[in-house]
Amino acid sequence: MELLLLLGLPLAGAAVFGLLGARREAPEINVVFSLGTFLAACALTVRVIREGSLLLWHEQFFIDPFNLFLVTLTAFVALTTSLFSRPYMRIESVHGRVTPGRLRLYHSMYQLFSFTMLLALTTNNMGLLWVAMEGATLSTVLLVTLYRTPGSLEAGWKYFILCGVGIAQALFGTILLYFAAEKVLGAQGVTALLWTHLDAVKSTLEPSVLALAFVFLLVGYGTKVGLAPLHNWLPDAHAEGPTPISAVLSGLLLNVALYAVVRCKILVEGSLHSTLPSRMLMGFGLLSLVLATLFLWRQRDIKRLFAYSSIEHMGIATFAFGMGGPVANFAALLHMTVHSLTKSAIFFTVGHAAQKAGSQLMDDIRGLITLSPTVGWGLMMGSLAILGMPPFGVFASEFLILTTAMREQPWATPILLAALGIAFAAIFGRVQPMVFGETRLRRLPHAPALLPVFTHLAIVLLLGLYIPPYLADWYRAAARLIGGP
Amino acid sequence: MPQIALDQQLLDACAAVMLLLSFAMLSQRRIVSLVNLYAVQGGALATATLLVAWRTGEGHLYLSAALTIALKVIFLPWLLHRLIRRLEVYWDTEPLLNVSGTMLAGLLIVVFAFGLAQPITQLASTATRSAIGIAVSVVLLAFLMMITRRKAMSQVVGFLSMENGLFFAAMSATYGMPMVVELGVALDVLVAMLVLGVFFFQIREQFDSLDLHHLESLKERD
Amino acid sequence: MTTIFSSPLTGCAGLLAAWGLIGLAGLLRPASVRFAGRTLFPLGAMAGLALAAIAGSSLLAGGTEQLVLPFGLPDLPFHLRLDPLSSFFLLLLGASSAGVSVFAGGYFRQGEGTAPGLLCLQYHLFLASMGWVLLADDAYGFMVAWEVMALSSYFLVTTQHRIPEIRRAGFIYLLMAHLGAIAILLCFGVLQGGSWQFTFDAMRAAHLAPAWAAAAFLLALAGFGLKAGLVPLHVWLPEAHPAAPSPVSALMSGVMLKTAVYGLLRVTLDLLGRPVWWWGLVPLILGLFTAFYGVVFAAVQTDMKRLLAYSSIENMGIVFTGLGLSVIFLGAGMQAVAALALLATLYHCLNHSFMKSLLFLGTGSVLHATGERNLGRLGGLIHSMPWVAWLTLIGALAIAGLPPLNGFVSEWLLLQSFLFADRVPHEFVNLLIPMGMALVALCAALAGYVMVKFFGVIFLGQPREPSLAHAHDCGRLERLGLAWLALGCVLLGLLPFQVVAALGAVTRQLVGAAVPQAASHWWLLAPVPGRAVSYGPIIFLAATAGVVALTALVVRLAYHQRVRRTPAWDCGFGSLTPRMQDTAEGFGQPIRNIFQSFFQIERELPAPSDRTPRYRIAIADRFWRTVYEPLGSSVQRLASAVAFLQQGRVSVYLLYSFVTLIVLLALALFA
Amino acid sequence: MRPEDWLTQFIEIVAALAAAPIFLGWVSQCRAWLQNRRAPSLWLPYRNIRKLFHKEAVIAQNASRLFRLAPYVVFGTMVLAAAIIPSMGTRLPLVVSADAIALVGLFATARVFMALAAMDIGTAFGTLGARREMMVGFLAEPALLMVIFVASLLSASTALPAITEHLATQTLGLDPALAFTAVAFTLVLLAENARIPVDNPSTHLELTMIHEAMLLEYSARHLALMEWTTALKLFNYACIGFALFIPWGVATGHIGPLGLAVAIPTLAVKLALAGGGLALIETLCAKLRVMRAPEFLATAYLFAVLGLLVHVMLGARG
């Protein structure tokens, strides 16, 4: 029932917006739908806390600790982002960057996007997972190109082609998976793609095929995670689309893609009995981390800056999943959570800052705290949080990851140290003058929505100092599920 | 039993045709004929699917064959042709890598693809297992084509023929995926094409051409 | 309340919480200077005194107790622990912060930069986080407190964020602090020894392979040394400390640097257990170099706060020297002497926190009265601001290491422990250590030079600018703060016996031995049994004062008292102006000449025929050009090299994916 | 401590106060002879001091309290220094309060106060003198410390009397380490007491002078105290030299009238010789440029450290 609501509401929302056309109160309706979705997610959570993991609708859908917190997180961020996008898009239309027609498209696609995210998370069927991921790309492509500027079109095109091709590889991987599974689970083909069944028999799956399958899946979904060198669509898409979309792309899509990768990793490692997948993940993670930090160094555009920081953090999480083991997995899951919260919060503030300055160039944004202290402090705190400053949650995860790396993969620690240092210098060196100093900004026609920002930051702060027991239990259970070499 | 041998031969013929068509696409520079080639490839794929369906009697394969014909032989080519006419893009400019070079790369890829397909082929129990290698090389060749082309339109065709390769692989390795997945995939392809249609017009009105060198401004190198 | 203060640990934790609350209270009336200054800061000082009292009593009691807070990471709630080591540093924190807080109450004014209320919050958060660092008993809590400390101090440093230099200083500071923190974090990663327990107890229990232990020590040295301003990791310090408002500079130099010492002691002597003797060589050598480097640079500074910052570097160098010495002795199995060296280290930390806070506060008052921090524009302030002048004089004499003030005692102890070094069973070290002793002596003497320059140029002579004539003395609260710290300097100097006795618990905890008291008199310090070595500052002072008084009396009785005031003798040259006094640059000139090779000097000398001769000299830290700038530019080059990858062309990106795919497939096939 | 020890202490202090000016006079007398000049009276320093005490003090208008306090402080420190240097006996009650390191500290205190006082008036001369004095000091002080450390390493103590007792009881025969340090000490003595070649006590030529430049603003009783201090300082240094390098004749153990009877003449003889030697050096050497002074002192410092190293090496071997 909850699941039905969870998936139905956003889908209905998309349809409603598509049908009822451009309305003045569309943003509010958007919020209402997102709120409903979030409540459904909460209900689901409560039910799972009461009854444990679920298998629903002929095992086509399932909820286990791994995806449960992601579902809640996704619904939550979708809600806060819709809250943020309410004044933001209004201001955009006042500035004349979007027409009512496009706003209609925007809201409809927004709902569709959150539907695909939730579908990808909750489905038990690897094929459906693929379909949902592709759907996510398609629903966001038109959002990226919302402004119809040359830049946005280019970004959209790259996004479409790269992710399309990538996802095609993932499909081939899925086919191979199915091929291997069918040998074990029988040809009736109904259960052969169900993750739970695959997980049950993973040790008997054919290793050589699964190795190939994993490569295709990794390249496919990895493109969406933004792992270097497959990441090239990501900064463009983040920078050129409307900021709420940047927020959900960074905050949700990357997480879901990483989720898919890890699901596959679980199966493959179970069958391979070798550390190949782990090593691949670690390699991708480190490469993304290093490349992203080096790109950070040269940024002029604030949204590109934080887009690259997303790549960096996905790299860290991937590296942690690669190390495996209870602690590293725990840390990686925590990192996914706090990163999506922090990063979306940052994008909220960035959006308003850019609107105030009338430009995304960081040199044009100066002295935020003198004109609007809340936005300024929001950006400052958010950046510090994302840079792994305690007592924010990002530090908690990085603490565990680094200490683990020091024991398990000492060779990697110099790289991590250097990368984190460079990232700190790059980001903080840009943020400080934007927040401090003399101001040259203007006021906005609508009051910015800062509730989402500070809610997110508060939660991140909380996670740094105190992790609720049941959340910790999910993390632990998921970490156990993911296992490691 | 010669009869079986016959449809076996037919299947192999289809596979060969698909590979051939991929190479043809790789070398073809007229977009219109590129689209036609794509349609033919879809046809070959559909034929292969029908043969397998008839042979194994798997109901859903008939369905997927019908789906293939409807989508990849009729609808998409029609849509593409319409786009071409509306956008007046008939020729692709010189590819980034000249034809002979592309061909050579293609050959290497085919070799690699067969190497890749070996473990799968050994395991496969289907009659069509020998075609797996070809399916993989179709996928990779399409990839290569996307890399080498300069026009958005031909990249899309490459994308689609990659889709074909994937279907062919699914069909030849496991007699197709579960129905729900096939439907989903088909839906996605359809939506993708519609989105692309919209897209092309946006790009067009922005740059009044579909040449990709307009789309190279967002970069780090300076 | 009674329940909280029933045990020292809960008492300390409660007081830290109280600091936090006082800080939050500042947000009630963010704009009101009176509320923050007259009410909250004095309250904070009270809390500081209480903290010092509790810590002191538990130091004397020498007990250890632990406490687990109900929050933190799931498997790792925050642990707190109060043992002699931490209570000593808490005592330091409380006592010197009390003076600084009182001073701050009168110091902060309305104006540019952060609002008073917010400032109050950041300030007390800074204090609380330092306290938490000292109490933390698990790696995570420690790191959180450590970084909160860095963060709050960063915001305090950038109070005047409109000034670009200050923003730059703050940026460098936070960046370096973060790197140091990561190093410490990795050190803990080693220390947990695969047990995945991050409590310090688990780390004490863990047995590490020698290589791992050495790695942990070096990581800790790097991390904490960075915070302590150990050369070559010191570059942030002379930027950040002067940039901050003076009370904050006082706290950073006076207390925050000591937390670094605390951390290194905690890791080396407590968590790692028994150190290997050669470990000690690293901090010893680095410390000596740092001390020398710092004092030489201090001698040539022209900005009074920068001068003090470099002097802080020098003193931390001395502290690390003592620490290294103690580690060497301990590694060589000489507990008693190790205890002596450690004693000198701790004592010097305590002294420096008082002296340096005092001096920084003094400069703060000068800054307020004159708006000048360039030594070249000051002078003669002893007339217009006697309170500040005389109290600062005490600090200056103390830090110059003159008896009977406190600076001398710790240096005396350090030299005493050096004199034992010929007993170390490693010839090389035996040969090395006398050089160390010589260097320490040289640094002490140079410190005298620096302080004469500092005090003389600021307070003595004639005002170099007419505006200085009507500088005003500091207010009542500020006086109180200065007086408290000066009193501390005097008492620590006069009652070493008691201090040493109190420190016994700490040395016993860390090196398993306490410095014995050969002499039984409460006024005599005789730390080395079997050697006729003693120092009795009280008699010392009494004797000197007696002679002085006697002389004065005799002179007064025997001879007449006539005094005539005349203008200073101008050697017959009619028009002497105050500008003709020796400037700060002039005073530093001998040092500049002697140690030329250390500096990176750029001069602008006037030509003989110059109508308007202009003399400018800028002295830069070599390490910037030799280490840090190359680092930055190499990253820059790397970044632009990498940027080549991203060409904006879809085909190229597709090629990347394709190649990646092929490579990975090859891996999967053939691996 | 027995009463006679206190007596010794008292005698020492008085003797130092009394003998210091005479010693100064004696040195200048020897110098005069060596330079074939008519020698001034041995009592000239006394006369100077007495005359100065009777004069009316003239103080610059912007002189602060520090300026008037300094002479007394400096004088006091020097007297205490005289009290803890075993010039006659080694059982000195005050010694427990200050060992050799503290002694160096005392000299440093005197120097710092003098320099501060010199800067107080704010004339070019005063500051110049202060700067040069500190420049000399920061090298001379550690050199002296090193000298003392060598001795204290030999005798496992930093208390001067203990050192003296230990060295005095040794058979005659110069330890090589001590040889080095003796040279170093001589150089330090010259520098610290403003003698040629570092400074020239009998000139007021601004280019060269160090010590006198600091005293320029002083007059009358303050100047008298300063002069007396200067004499005391020289005397103290001489006594340190005796205590370290020719300790024989100093009464060890609880001293009685007999011991004094031996100690006082020996001290007198030592002083006479030392004075002669000092005068000789000053006559033979030429005044260095001020900028060369650091090199001179660096040599001293180097010698002292070498002495230390030699000691360690030999100690390591034997």
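In this document, chain identifiers A, B, C and D correspond to the written order of the chains, with residue numbering beginning at 1 in each.
Methods note: a contact is a pair of C-beta atoms (placed from the backbone, for glycine too) under 8 Å apart; a residue touches a chain by one contact, two chains touch by 3 or more.
Predicted model only: the values in this text are computed from it and were never measured.
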Selected interface, A-C versus B-C, where C-beta contact pairs are more numerous: A-C
Most remote chain, CA-based centroid, reference being subunit C: B
Centroid spacing, where centroids are CA-atom means, of subunit B and subunit C in whole angstrom: 70
Inter-centroid spacing, subunit C versus subunit A (mean Cα positions, whole Å): 44
Where subunit C and subunit D are represented by their mean Cα positions, the distance between them in whole Å: 36
Mean-CA-position distance for subunit B and subunit A (Å): 31
Shared-contact residues (touching 2 or more other chains) in subunit D: none
For subunit A, residues that touch 2 or more chains besides their own: 154, 157-158, 161, 165, 212, 295, 298
Sites on subunit C at which at least two other chains make contact: 642-643, 645-646, 648, 650, 654, 661, 665, 669
Set of all touching chain pairs, with the criterion as stated earlier: A-B, A-C, B-C, C-D
Touch list for subunit B against partner subunit C, complex: 96, 112, 115-116, 119, 140, 143-144, 146-150, 155, 212, 215-222
Touching residues on subunit B, where the partner in the complex is subunit A: 116, 119-120, 123-124, 136, 139, 143, 146, 152, 155, 159, 162-163, 166, 169-170, 173-175, 177-178, 180-181, 184-185, 187-188, 191-192, 195-196, 198-199, 202-203, 206-207, 214-218, 220
Subunit C - residues contacting subunit B, complex: 642-651, 654-655, 658, 661-662, 665, 669
Subunit D to subunit C touching residues, read off their complex: 53-54, 56-62, 64, 66, 72-73, 75-77, 79-80, 83, 94, 96-99, 101-102, 105-106, 108-109, 111-112, 115-116, 119-125, 127-128, 130-132, 134-135, 137-139, 141-142, 145-146, 149, 152-153, 156-159, 161-162, 216-217, 221, 225, 291, 294, 301, 304-305, 308-309, 312-313, 315-316
For the subunit C and subunit A complex, residues of the former touching the latter: 71-74, 139-140, 143-144, 146-148, 151, 158, 161-162, 164, 167, 170-171, 174-175, 178-179, 182-183, 185-186, 188-190, 192, 194, 196, 198, 635-636, 638-640, 642-643, 645-646, 648, 650, 653-654, 656-657, 660-661, 664-665, 667-669, 671
